[in-house]
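Below, chain A partners chain B and then partners chain C, in two separate complexes.
What follows is the complex of A and B.
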């Protein structure tokens, strides 16, 4: 019986992403044929342009870093039964705060002091933006989806105002370069990565995934968080203060998304620039969904979407890179549609077997 | 006097896409289906209208194509969220991403540009000042847009279909028991929201005589904000659309003066919406079965 239950869990977790990839492959084929290219050649080029050379692989690592953070943010919130679609604003706030701290620190501040300060600022800023929907939901019953959507626009407009009217380098939309707190790039250690943006943020993001996994499944707080997500009323009855858990979960979720900002500011450009997030906050939803809200799944999904996104650039000579944006949408749509369908099928089969 | 006329004209010009999208969104949301998709519907409508108008030379063909675009995307959303019971918030985000991706892909294929289409036929020529008023009055889409809200208010409150929409949005299980075809009502509501929001996009594209990449620029979310701020009542949502548009017009006209930074004016709809869902002024309560799928 337990083996059936375990197999059922695995099927429920793995089938929807596989179905989605299949659907995406078919849609991709159609688009490629529409442009008059051969799907085989395009997919080969996509692989060789991403995992097939050091630069491409470095870019995949770089893109996966941000997506890992925003994906973890969405996954953790979903475990608590909360939908955080404010990743875009939290990510931008985190990157901005890290860049500002790096800017005000005196030049020559040792990295051992400056880097933690910058990272702390990113976490705090993301957490602060995340706290708003948490408090609004726990205290006033406001739906977090609406609050987070609206907050994205507010945060981005606010940052735009600060940068445009107080902090930008003339003729640009970015802040001055940081004086301290920058992270080393991978190419400083492994020279073949030359030119790629991959940097030490990758390890911080992976560490975050490990910590989230430990927290969710090995601590009392994580247990309470998951209980609040599965059955808020039952959890409340069992002594969990669900409102507090929601606020905490939203703050951690926001902090995780904010952490993604250091990949760009501390690791790559060393300044905050308008629009650097480039949709990574929204793509985090796709990452969490395909990764089935499990930290390990999120890591895999982050690499998958990073490969897709870098692969789009690799194939641009043959097929417009916009194809990748279509495929991202298709994957999300297909996973969302497949999850309830697979659950019904799997449980239907089980019910039939039991009879 | 002419300043007031110019102000009203500009406000209406900005409000039309909001009115279309909000009137569509109200129907879907009242039927219990979340309308995060308005942005995507608008963008598809705008692109399809541009294609139609470009290849036929007639703005009316553009309108028809725009309706078709909104309809197809509405159908995709309906199939995913009703037939497959997918999470409506997730499908909403997917639809928006899909709309951006597909319009960019086909913009490149059709017009070999990653930023904008060539100039297409629209209704009349838009200028500013007095000319704007005349152009507005001659644009049939302006009249449709203004009428969309009373039309939807009548539909929701005074027709059998509207009664069913409200029933499936509040208590689908009870509606089912009484013989209301819950799924079919929701299909209709969502497809209608696609068509109406698509028309909002059509207006944008034909007003500017071209399609530009991501030209809806968050307007679908402003329409959603208007729905929530209007407490899911069509007329109140329409008034919210006009208010938001008036604030934008004020900001444009005051640009020369030292005043509030434009970014803060942009925030107004979003801040008001958060205030509304927080129940700080008057509680904004969504339809009971919103986003919950069927019973």
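What follows is the complex of A and C.
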């Protein structure tokens, strides 16, 4: 009985994204044919441009790192029943805070001290931005979707104002380069990665996924967080202070998105630049959706979207790069539709088999 | 009960929802001009069968036939609700489907509004509704807002709505769950008038006294199958119960008679013990600005069950939630074992010895997606966390051991701790709640509708648990919409009406005849001079 229940749960978790991918693939074929190209050639080019060479693979790793963080942020909030659309602002705040700490630390500060300080700053800044919608919801009943969306504008505009008026290097939109706290790039260890932006943030992001998974499914805090997300009334009955859980969940969610900022600032450019997030905060929603709000699923989904994003550059010669964005949209729509639909079909098949 | 063609004939009905087989070859035959009781334990498949009849579900197999005005049977298997309504089949659901911000008349005509030009002809709607209401004794003012109605009145609106659409076959799903005894009697009057006027009525219920009271014939379902069909005149409650459960059942907890195995405690009405375990004084609780609990005071001693009788919606829910810490107290005090907990958190109250069986297990009592094992520690999760101050990881081994222990002690089926609570039957879900709340240590128990929607066998079990808890010296506050349950268990009965306790009677003086009027707000005319 137990194994059957477990197998059903795995099936229900895995089938919808797989079906959605299949649908996206078919739609992709049609689109490619419409612009007069061969789907096989385009997909081959996409694969060789991403997983097929060291540089492309490195770029996939780099893009996946940020998406992993923002995807985890959205997934954790959703587990608590909260929709965090503020990833963009939280991501920027995290990157900015890390860059500023690296800037004010004296040059030559050892990495063992500087790196944790910078990462801590990213977590704290993201968490602080995340706390706002949490408190607004718990205290005043303000809807978190509205608050997080609006907060994106406020945070981004505020950061840009600071950079533009006080911190920027003349003729640019970015801050001066950090003096300490930068992370090594993968190419420093494995030379074929040369030129790609992939860096040690990747391991920090994967560690974050492991910790989030442990936290959600193995700890009392996770038990209460998921309870509050599934049935707030039952959680309250079980002694959980739902309002506090919301605030905590939003802070952790914001901190995770903020952590994504170190990938750019500590790992790649070593400064904060206006617009560096490039929509990764929003794409985190799609990553969480396709990853079914499970840390392992989020890791896989982050790599999927990173591959699509990098692949778009690779296939540019054959088809417009925007096609990949269309494809991403199709994946998201297909997953959203597939979750209930596939579950219904699976149950229908099962009922048929049982009869 | 006519010998002519039946009004409804359903044969070999199969219906599955995922792994759950709700109907497996169910049969039903109902004559015209008949009040037909469809009885069975919860989860026996009664509602599913009726929803198939009303066109809400299509059966996986089997046939559905409905009598036509011309006098023959028409195969309507798998029809839609629209077809069903057109053919005069209407269903009154357990949960009302009314728009609270519209008037009675507007609700009744919704979907087929009388119009004059492009305008809603509200005057005609009102006269139409009045006419049907007068015809069948469904008293309710067509101009009132539905949001202002009592539950009994709202139910009448539901029936009116169905009749307005021309229903000749009326299906009522557990219609008495929310009614006072008086309202139940009125409903029976309405149903009899409808029958005499040519309508056919199917009444879904699991209350045997109702079946005996009002029905002409009975169909009993068990585990998705039809196990018996009898004429009410030739049936006994014992025979029906045996068919429902498949074995003999002690009916004492279901009947209203005062007989039965009462403990000696009743003969010696206990004086409030040396220590009152739960003490509520001048409690006021508001709900959306309304004083839902309006100055309630009582004490419960260790080893005593105080039953709160009353029609639902008279402040019982708010009272229980306030004592449990789920709803803020406007004024007054709550004390557990002499300790003031008026403003304590849920967890502090649990630690102070309070256990709580909530009225709605699907909303509060269980987290349906969680496993049985996880549900069995809900509210106690901080005691299963390891680490200095219960901060971090949960101890999976202890959670599992606790689950296996409780599953065995409370006979939860199937005995699989990893199954999501959603997959259990209603009775077993309630057993999970009972096991969690009564399996540990506690002094005071709030039992709110402890047997709602569970089968006869589980009712027996739960009542035995409550009696055993009383014998073990627990103080129990029992709230139930079933007067028979209150009378079967309580040592004292308090009647709640309009947020106040309007009377408190020792069990000996409480009877359905005396409590009934009190529950509807009448003053107690039989109160002894003392």
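One rule holds in what follows: the second predicted complex is superposed on the first by the 339 of 355 C-alpha atoms of A that agree within 3 Å, B and C clash if a C-alpha of one lies under 4 Å from a C-alpha of the other, contacts with A are read in each partner's own complex, and residues count from 1 in each chain.
In the analysis below, a residue touches a chain if its C-beta (ideal position, glycine included) is under 8 Å from a C-beta of that chain, and two chains touch if they have at least 3 such contacts.
Computed from a predicted model, the values in this text were never measured in an experiment.
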Touched partner set for A:194, first chain B, second chain C, both or neither: neither
Partner chain(s) touched by A:7 [first = chain B, second = chain C, both, neither]: neither
Contact breadth on chain A, by residue count: chain C or chain B: B
Partner chain(s) touched by A:238 [first = chain B, second = chain C, both, neither]: second
Contacts of A:161 with chain B and chain C, given as first, second, both or neither: first
In the complex with chain C, residue positions of chain A that touch it: 1-2, 5-6, 214, 218-221, 223-224, 226-227, 230-231, 233-239, 241, 347, 350-351, 354-355
Chain B residues within the chain A interface of the complex: 34, 36, 76, 80, 84-87, 89-91, 93-102, 104-105, 108-109, 114, 218, 221, 224-225, 228, 261, 263-264, 266-267, 270-271, 273-274, 277-280, 286
Interface residues, chain A side, partner chain B - complex: 31, 34-35, 83, 85, 136, 140-143, 145-147, 149-151, 153-154, 157-158, 160-161, 164-165, 282, 285-286, 289, 320, 322-330, 332-333, 335-341
Chain A partner contacts - residues on chain C that touch it in the complex: 14, 16-19, 21, 60, 324, 326, 345-347, 350, 356, 358, 363-370, 374, 378-379, 381-382, 384-385, 390-394, 396, 414, 416, 418-420, 423
